[in-house]
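Please see the structure below; I have some questions.
Going by the order they are written in, the chains are A, B and C; count residues from 1 in each one.
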Amino acid sequence: MRNWFKVAAPLGDMSARVLVMCSFLIPLVLWCVVSYAPFLWERDYRLTIVSAPSDTQAFPATYLAGDVVSDDYFHDYQQAIRDDNAALAEMRESSAKDFGMSERSARSYNKKILRSFVPVAEENGWFNVRIKDQLSSKDYYREMYATMFRLWGQLDSGELQVADGTLSDENLQLIKTNYQLLNQVADNYDANKFLSEPMFQLVPQGRLKVARPVYIPAPDEVFNSAWADFTNQSELGDLQVASRYRSSISVVFSGFLLAALIGVPIALLAGTFTFLSKLIEPFVDFFRYMPAPAFSTVLIAVFGLAQAPKVALVVIGTLPHLILMVANTTRTVDRSLLDAAQTLGASRLQVIKDVVIPAILPSLYNDLRILLGWAWTWLVIAELIGMKSGLTEIIDTQGRRFQFDHVYPIIFLIGLTGFFVDQILSGVRVVFFPWIVDEKSGPIAQIVRLPARFVAWLTEGRLEPEINTKAI
Amino acid sequence: MNTSSGIHLPSYTEQSELVKNRFDQLKQRPKVLEVKSASRVFSTPKGDVHALDNISFNVHRREFISVIGQSGCGKSTLIRILAGLESVTSGQVLLDGKQIDGPGPDRGMVFQGYTLFPWLTVKKNVMFGMKMRGESGTSAESEAMQWLDIVGLTRFANAYPHELSGGMKQRVAIARALANQPRILLMDEPFGALDAQTRAQMQAYLLEIWKNVDVTVLFITHDLDEAIYLSDRVLVLGANPSCVQEVIEVPVPHPRGPEQFISPEFLSVKQRLEELIYKPASEQKRVVIPRMTAVGDDVY
Amino acid sequence: MKKIKTMVMGIAAVAMTTTLHAEPLKVGYSDWPGWVAWEIGVQKGWFKEAGVEVDFVWMDYVASMEAYGAGQLDAVCMTNGDALVTGATAKPSVAIVLNDYSNGNDILVGTKDIKDVKDLKGKKVALEEGFVPHLLTLKALEAHGMSESDIEIVNTPTDETPQVLKSGKVAAICAWQPNSGTALKEVAGSKVLFSSANAPGIIYDGLFVSPESLQKNRAEWLKVVKVWYQIVEYLKDEENHEESLDILAQRVGMKPDAYEPLLDGTFILSLEQALAAYQPGEGLSSVYGSSKISDDFNVKYKVYESAQDISKYFDASLTAELAK
């Protein structure tokens, strides 16, 4: 412990590994504490049955099963539906029977009430919404309404019992009343012969849960949403995560490669010849302070709407840094190597080709690795311009709807991709540049190195240098 | 000539018959390198700096000549001019009678820093000069292996420079320079960064190589023993202005060996060099630093 | 070397695809229910059936107008008011389809403490200046005997208004759906202060085509209009209610049940209703009258300099041709 605070003290292998794990575990633990610790937040209800109060002035929002509402709101919400139902019962009693809605609206209204029972049916294992994947939209809804209709019938006759806590007695009574009404028109679901006057709405039901701000979804929620989104089972429909992921990666990598193709030769020349350095670098240095996103409208006018302006934005964001960094790297080449090459008879062109370029390659590789990280940071901004695309569209659209459990998996996906690409690139560096001394070859490098070692063994008969440097 | 210890030494100009014959022969050989009134002036904002001032000397074929002098006396400028990495502001530098114009493979150079190309294996480093001439393939490779054999490093042909010790690196650098078959080998304090033991071994190696390979050597050092031990002649550069103070013919007979370090001839040359290079004690200033200057009863 | 060559060519090809693919009609559409409805035609392949190649490009509303202004789109879905702005500042256009008018989807949402529009006096209201919500807010103020100087407007992109309202830094926001709905749902106690249902017809939504493209490809655009009324017919059929919700909701990434009220707040115009709205006239029942209000507003608030010739923005002939 005391050793940790020694300036630049080396760490043991084991404790280094533990610390690396902790650097990821600590944020995760904090997230869990914030998400699950009940003492931090008030209690809320997660809705299982939803309805739409007629007083839209007081209840303007549309709630869906799974949404979370506060304690106060929940009870007002329930009361509003009870009031509506009481009013409806009164109308039904009165001789006028004026429900204030057309027959068509009433049918639609009643279907909605049938739909509000779906979460309960699912919880009891009587229905699976996933059948939607196999059926056409029309078939699914027909099947769904028919099932709800039949279930209500079975509940009414007592043939079926609900599991504890999934349906209140109040709602069971309402279902029985509703079924009587439905049954008067037809004894099973028929779109053409369906109750055309309103029935009773189910009273909202919900379960108490730990309340949290919407922007902190719990790890399990995020994990479940991630699983559903990545396996095309999202409640939000097909989010096309895989193809969006490919699109995002192609924006980052094409932008980066294009920047490298343009920038590296320029930087090599600027780093080698002082006059070019003076001619190029001051402007580039100025240009890099101009915010790349400010060019977005121009880019759209020039490159159109698809991927091209996005790639161009990544290029604009990366290129100036690339030129300056690589030019600087080029200047760090050991002058004495250039002298040595010249005394060995190398021409100017040969000095660049056979000394400067190979000498900076390892640093260039590192520079480009860092710049690839830069390119990733431009991704979200790039994908927002013009036609929103890639993973960013999910982040942006769902973020605005406060569906943060769908936002975080995408953010993590981007982060992890960047992180692992960097780790792999840094891991295999030693394979490309076996002459680098200060490089530890990690497990990734060992694996990637195997074929290279085999080739070396075949061509040079050299497995690993067995060098005794003590002997001069 | 008496040293302070009172040991009598012969004059450094006295040469035995054997040594005299050797020098006579040497002077008859053609001149590989001629430096005629070479000067080098650097222009700085604070005025001109004369790095080299009117320097003239010759180097004969198969000669081993050392250049010594205080640091800052222009040794490095001189060797960079000979290599063609810099040019003279006035005067002439001729190699085999031809003006030197830029670096070229006819002058091999070994630097103090290990200037091996880190991305090339030892063998590829030795082949670098040949590759620049467009020679590669098996013949170039076998030639490189021969040079590695001469410096005793065939086992390490496929190692990378970072896997070698400092002494080994310099041997590769020598092999790399010699592989171009240069007319003259320019060595700029090549053993300066090595520890004493390695350095002694390297000196022996160098003499061995020089004996076996037809090459002329110009060797820069600030180590007096090294200069005397290795050289036929020692050229002493003075500082401010940097000019040739004296060219000493080393009266130590060949073949050379470590035991000669205490021979009278050796010591006489060393004494002379010390006179030339270091100022007498009387000219040294006594520095007074508060609290750090010794006063009174001291071990000194 | 060869590898590098193919790499360069590959990247160049990626960059070129857009510029070379200029063949089909390009239409920008965004997340207003009346425009999302085009998705039904796309999904059902009706455009192909009608023999017209249309590329519907899904964009943010403001970005789509910018792209149209930059000449990257042949047509864009806009409100009549925004068409005037785009025409005056970037590129003129002609409405060949009137999709709908807003019937409650554009909402002035107030926080818990605000009881009605009058309470907004001296308070901050977040909205996107110069666009529809701005107009609607002024209409709301006017209806309550107030003017713009009575409130402090915070210029905010419409899609960010829910977050702004939730932050508690403003007393109200004005936005179209689904943003207004998100705000109502996420901010406890927030309520509808005023909506387009209070002034139906103040905002018409249409397909605005560039005059050159219309002249060059009139026959093609006629087919597009025809598909639109195929969509309208489909939407009006009770039997298609759930399916159409599925298609619309999927396009904007919402759950179908959440999308239902949005569709209710959009009055989709039938062919006859559209033709009626195309008739020049005063008042909100005519798109001319509605646009006149927008034009006055835009000139008054210096969105642009001089009044626009409204008649140039509407072409009922294609719709009329279908009615025959």
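As a convention for this text, a contact is a pair of C-beta atoms (placed from the backbone, for glycine too) under 8 Å apart; a residue touches a chain by one contact, two chains touch by 3 or more.
For clarity, every value in this text was computed on a predicted model and none was experimentally measured.
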(request) Would you mind checking which chain's mean C-alpha position lies nearest the centre of all protein C-alpha atoms? (result) A
(message) Looking at contacts between chains, which pair has the highest count of C-beta pairs?
(response) A-C
(message) How many angstrom lie between the centres of chain A and chain B, each centre taken as the mean Cα position?
(response) 67
(request) Give, as an integer number of Å, the spacing between the C-alpha centres of chain C and chain A. (result) 28
(message) Need the CA-centroid distance for the pair chain B / chain C, whole Å please.
(response) 85
(message) Considering only the defined contacts, which chain B positions touch chain A in the complex?
(response) 80, 83-85, 102-105, 107-109, 111, 113, 115, 117-120, 128-129, 131-133, 156, 158-165, 167-168, 171, 173, 176-177, 180, 186, 198, 201-202
(message) Touching residues of chain A toward chain C in the complex: what are they?
(response) 56-58, 60-64, 67, 70, 73, 104, 107-108, 111-112, 115, 137-138, 141, 191, 214, 235-239, 250, 254, 257-258, 261, 297, 300-301, 303-308, 311-312, 385-388, 394, 397-398, 400-402
(request) Quick one: which bits of chain A touch chain B in the complex? Just the residue numbers, please. (result) 334, 336-337, 339-347, 350, 354-355, 358-359, 361, 433-437, 460-462, 465, 467, 469-472
(message) Show me the residue ranges of chain C that touch chain A in the complex, using the header's touch definition.
(response) 4, 7-8, 11, 14-19, 26, 57-60, 63, 66-67, 70-73, 159-160, 162-163, 178-179, 181-182, 184-186, 188, 190-192, 238-239, 241-243, 246-247, 249-250, 252-255, 257-258, 260-261
